[in-house]
Amino acid sequence: MAEYYNYLVVVLLMVVGLYIVMAQANLVKKLIGLNIFQTSVFIFYISTAKVTGGTAPIVVDGAELYSNPLPQVLILTAIVVGIATMALALALVLRIKRAYGSVEEDVILEQDKPC
Amino acid sequence: MMESQLLLIALALPLLAVPGILLARNSPNLREAISLLTGVALFIVNLCLYFLGEDGLGEGGVVLVEILPRLAISLELQPLGLLFGLVASALWPITTLYAIGYMRGHGEDNQTRFYVFFAVAIAAVMGLAYAGNLFTLFVFYEIVTFSTYPLVTHAGTEKALKGGRTYLSLLLGTSIVFFIPAMIGTWFFAGTLEFQPGGVFGDEVSPLVLSVLLVLFAFGIGKAALMPFHRWLPAAMVAPTPVSALLHAVAVVKAGVFSVVTVVVYIFGIDTVAKLPITPFLVYLASASILLASLVAMRQDNFKSRLAYSTVSQLGYITLGAFLASQAAIAGSLLHIVMHAFGKITLFFCAGAIYVAHHKSQISEFDGMGRVMPVTFVAFTLGALSIIGLPPLGGVWSKWFLMMGALDSGYVVVLAVLSISSLLNIVYLLEIPARAFLKPAPEGATVQEARTPSVVAMAITALMCVALFVYGGDLYDFIRSARLT
Amino acid sequence: MAEIVTVLSSLCLILGAFLIFSGGLGVLRFPDFFTRMHAAGVTETMAATLIVLGLMLHSGWGLPLFKLLLILLFVMITGPTASHALAKSALHGGLRPLGDNTNNERH
Amino acid sequence: MILTVVAIALIVVMAMAIARAFLGPTIYDRILAVNLFGTKTVLLIAVVSYIFGRPDFLDIALIYALINFISVIAVLRFFEYGSDKVNEKVGEDG
Amino acid sequence: MLNHLAVLQVVVPLLAAPACLILERARAAWLFTCLACLLSLGISIALFTQVQASGPISYALGGWDAPWGIEYRIDALSAFVLLLINMVAAAVVIGANSSLSAELPEPRHSPFYVLLLLCLAGLLGIVATGDAFNVFVFLEISSLATYALVALGRDRRALFAAYQYLIVGTIGATFFLIGIGFLYSLTGTLNMADLAQRLPGLEEKRLVAAAFAFIVIGIAMKLALFPLHGWLPDAYTQAPSMATAFLAASATKVMLYLFIRMYFDVLGHDAVNALFPVGTLFLVLGSAAVLLASLAAIRQGNVKRIFALSSVGQIGYLVIGVGLGSALGLQAALLHLFNHALIKAALFIAIAAVVCRVGGSRLEDFRGLGRAMPWTMGALVIGALSLIGVPLTAGFVSKWFLVLAAMEAGMWPLVALVLLGSFIALFYVWRIIEVAYFQQREAEAINEAPLMLLIPLWAMALANLYFGIDTSLTVGGSEQAVNFLMGGQQ
Amino acid sequence: MKHTVSVFLLLASFWLINSGYYKPLLLSFGLFSAIFVLYLTHRMDVIDHESHPLHLFTLKLPSYYVWLVGQLIVSNIDVVKRVWSGRNSISPCTAWLPLSQTSDIGRVIYANSITLTPGTVAMDLEDDRVYVHALSREGLEDLRAGEMDRRVRNLER
């Protein structure tokens, strides 16, 4: 069971993240949940990339065995994508706050209810 | 190769009239002249097809466009199509003539739109009549629906709109939900949609599948107004009379029943239908349609809605003939297409004339009108007798052969149905001339017929009913000569 | 000579670990925010220095030595600044330190 | 071996910081805890890089120290002016 | 130059986007974007003919051969979709200037074009690339551009619509990432062609099933497949009209392409169905989409929302086609993918024209437009008829194949459902036509839409008719794609 | 000009320590970035005696640092003792202490030195006084004695 603990962490974070996205009415907290959810996927990729006995995949003389660099590189891109999404989302939240005066989903929906 | 040219001309002619009508929209006489001339020319083209086609029946197909491999829009000369084409092309000019009197008398606005869509509808009817395969028939069947919708909602009032909504939802609805699966089912089980006397299905296709497809076709061809999908016909009463004439006699319903007969003859094959387990139920359905519609017609006080339900009933005759699936029955139903066309159009012309001349639309108001509009009511009587099926009017032939067909196929009960419905016809049709001639005329009433073009049109069609009695035999021989099996 | 260095390094590290732990304990046990700050201060100053020193001795001459120095320098400069900012913000936020007998007239 | 002990000590203290973050009655206790957690992470990364024998990880430790310091200052600035005032500031030049 | 076409297809719009940023003036940005889109269209035509002539094109990005480097594979399926996307993009961009001048303030035109180009680059990238992770990256590029496009809408509700779309879209894309992560951990490769070869050999089945589940759900969210369609109506209603026209006609289509690529090509639909009756699931969800979305569309008061919900319904048809799992079913799906793009492009550009003149897309805004804007409404009617599936329109061809495929699978209730869908479509379409042609307009006189909008509008309307009559390109193209996809398996 | 040179040297050393690769290409990158940062800082007009108090780098500074480290050790031990001993080991108190530095940099060094040594924190700073919180009264009194204040003041001169 010991060597599966990383998957437990991944699943835990994934579920926590999704729960926050669904349960939270505050738009910023939803984004925090989304970020946690994304992080869980990153951890999955990187933890599966680990080669027992392999060191970090940066070439250093004196080291023979490295962990698999590919997933780690992929996740670099995924992190960049995640940040871009988060930046756009926060920009939207800022404009929503200015337009509706609140970042609570129910308050926003209330204001848009067709009269 | 003459046929293919003629077929193309038959299709193109009415379409060519459309720009003509549009250009002449602010000089009504020229505009109506174009319609009339094109109508007459079209009739001549159909006549040429009739004489020329004596031997060439079945060849000379012309492919307009190929949508998918083995699925094309193509025209072909078939005896059934020719018959329908002749009737439609004959009645178009007559109806136009009548429309001139009616439209001007009644002061209808945007008449150009009426003549334009009328021409498009006729073109679609030509395409349908001379369709080379089921797909082409379906395409023009849909175009008839779309081109007649603006006519039904001509008045543009909320009532017209509501009528149009029922009209479209039922016609388009039945075609989408029943006709398309039937057609695609045929393509799936038979591999082709080309018309073949004796049917396209191989022996391996199970009767159950064929029965289902036949039922789908029966309900899918909504224009045949088989109950319970007949509601669109009375709903279309909102349209002005020339449109009702077009609907009931010239194009729409005729397209419906013609398609039913064509499907029975060229898709299933008469013998196949005769043996199908479902056929008896369809026969009883048609019979029910005949009787129920007649009963409802009797209770209608509004003249046009009575005629509408009468049409539903008469269409029942034709579909009944098709489902009886015997040579005589089919011949009978084809004959009835012709008889009913001329008979019913006369009745509608009279209805329109009475409405335009005296703004009377309820039958109870017709007491003593016979003296006021003698020609109209004489014509009406002739038309009514033809529909009832009494000599010396043409209608007798089609009733007669339908009864013979019923006997051949062993449906004795159908005989009863036909005779009862004839009695019912007498009740709800002859009531009108009875009121007009026997009841005392309103005092101070002078003879005041509708406008001459309308009266002339009425007279022609009434006389045609009589002529059809005389030439009924030749027409029957022509139909029997066509290879139907 | 090499043994002395490793002994010294281990000593520094152990001492650093102990200081870190005591600082942490202080942050948990002390009664109010301001007192806890002092406990935290321990971990950021003495303890950090000892651990970094230990690591320096452990790693010996070379580039990492300077990197460790840089880290230590940065922590030592930003530590107090952060604490000052935190304390000031707490005051502005209306937090009253225990034993605040100066009727502190904030203008 | 010693390095592992130090690492464990660091982790324990970080756990204490998280405890304080949960307990800490006031916001400022929580910020103190987070800042404490951050500075200890810097040390942890430094120690771990030597456990794995990869001194080039020290760059990560330095960067983490930078980020941690700036985040604490940013959070304090937010509380310093109160949440609505910040938006007004943003509102003006937004 | 010619052999670099595959990567140029993506690079051209990708580079054009930042370049367009420099051009502040709306007109200059518009002309530049038109040029970029036409160039991109040219490339897709060249690619299509090249694939027709000499089979699939493989292009190793940066010279790194597959499976290590990123390989761009343009096969019959991709070429078909690339052509469609570029056609739609060209039509939308040509009409964009006049539509935007009525909807967006001048300074927002240039960003609109930048986002459109980025979205186009993303979508083309998804179709062109042969590398699973590269698909994820392009998926996010196109999605981010789409969220921003939706947020450009005038009404404040556009902001919230964009936000919700972002949340759902990001979760979808991340699910997709998890899915390909599982596949990578199993096979050690991310190249889709390579994956297709390695997966069948594995005895480990559960992880493949889990991977596919994540991929399907992820794409379903992006595809707005019922019940995960919540975000689409708001996003399409609030976005600028031309953005909706582009998205409705391309974004969901590319997502379906991805769906097909994964289900048929990479994982092999037999293999997946052996693990889990996925086909039935698609049929059920597709049917639910067709019925419920179309019914919901009838009650809407805003025409954009009507056709947005109609899109959700039509996506149901696409998924039904895929769910049948037969060659005919797949071909029906591909055909409808193409035809539905044309339908929705025509409809939404028509709405853009109406919004351009009347200022709103509520049902009341359409009153009397039959007479006031005859050309716009004419095109809308053609699009509507094609949506219902009237013969001689592109929609009919898709219905023909879909019903035939359902019959071939012996699923008669499905046949009824497919046709019931278009019957329901008849109702919500006719509501609009009745308002436009039978109700009078009391408000001020409206003149016809500007010419630059009518040209692309009628190009799409006529395309609906052309591909309803001459089906050689669509049926031929889809047949080739199906043989490629199905051929590989049997 | 002095300050610019000191900034450049600081940046260069920072680059060299962190880089570890001394190939010509990389070194040129380093040079370029240092120059670019110099340009930026000049534009921001922050290079002056305040950001780079070179005038302090006299002999007195090391001796102050040595003393400060001593203080650091003492105060650390004091706080640790209080942490481990019983309940009432601490007597938190606050006070405004006078400060005698003349220049801002002097005041900052003094305040930072107070905060650096655990047990005392400079919570607020004004021209002539600093508000200090101390863990214990003794700590406060030690500070009040002014030893640190005196040492920082003569650093300034």
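Note that the chains take the letters A, B, C, D, E and F in the order they are written out, and that residue 1 is the start of every chain.
Throughout what follows, contacts are C-beta pairs under 8 Å (C-beta built on N, C-alpha and C of every residue); 3 or more make two chains touch, one makes a residue touch a chain.
These figures come from a predicted structure and were not determined experimentally.
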Next item on the list: Provide the labels of all chains in contact with chain B and in contact with chain D.
Entry: none
Checklist line | Chains contacting each of chain B and chain F, listed by label | finding: none
Check: Quick check: more C-beta contact pairs in A-E or A-D?
Finding: A-E
Notebook entry, point to check: Using CA atom means as chain centres, which chain is nearest the centre of all the protein shown?
Noted result: E
Checklist line | Far-end chain from chain E, centres as C-alpha averages | finding: F
Next item on the list: Please indicate which chain is farthest from chain C, where distance is taken between mean Cα coordinates of the chains.
Entry: B
Next item on the list: Could you grab the centroid distance between chain A and chain C? Build each centroid from C-alpha atoms only and quote it in angstrom.
Entry: 32
Notebook entry, point to check: What whole-Å value do you get for the distance between chain A and chain B if each is reduced to the mean of its CA atoms?
Noted result: 69
Note to self: Please tell me the distance, in whole Å, between the geometric centres of chain B and chain C computed from their C-alpha atoms.
What the structure shows: 100
Check: So how far apart, in whole Å, are chain D and chain E when each is placed at the average of its C-alpha atoms?
Finding: 46
Next item on the list: Find every residue in chain D that makes contact with two or more other chains and list them.
Entry: 56, 59, 62
Checklist line | List of chain C residues in touch with chain D within their complex | finding: 9-10, 13-14, 16-18, 20-21, 23-25, 27-28, 33, 36-37, 40, 43-44, 48, 51-52, 54-55, 58-59, 62-64, 67-68, 70-71, 74-75, 78-79, 81-82, 85-86, 89-90, 92-93, 95
Margin query: Give the list of chain D residues in touch with chain A in this complex.
Written below: 52-54, 56-57, 87, 90-91, 94
Check: Can you list the chain A residues touching chain D in their complex?
Finding: 55-56, 58, 60, 94, 97-98
Checklist line | chain A partner contacts - residues on chain E that touch it in the complex | finding: 133, 136-137, 140, 144, 147-148, 151, 156-157, 159-160, 162-163, 166-167, 170-171, 174, 177-178, 181, 184-185, 190
Notebook entry, point to check: How about chain B: which of its residues touch chain E in the complex?
Noted result: 65, 67-68, 135, 138-139, 142, 146, 153, 156, 161, 165, 168-169, 172-173, 176-177, 180-181, 184-185, 187-188
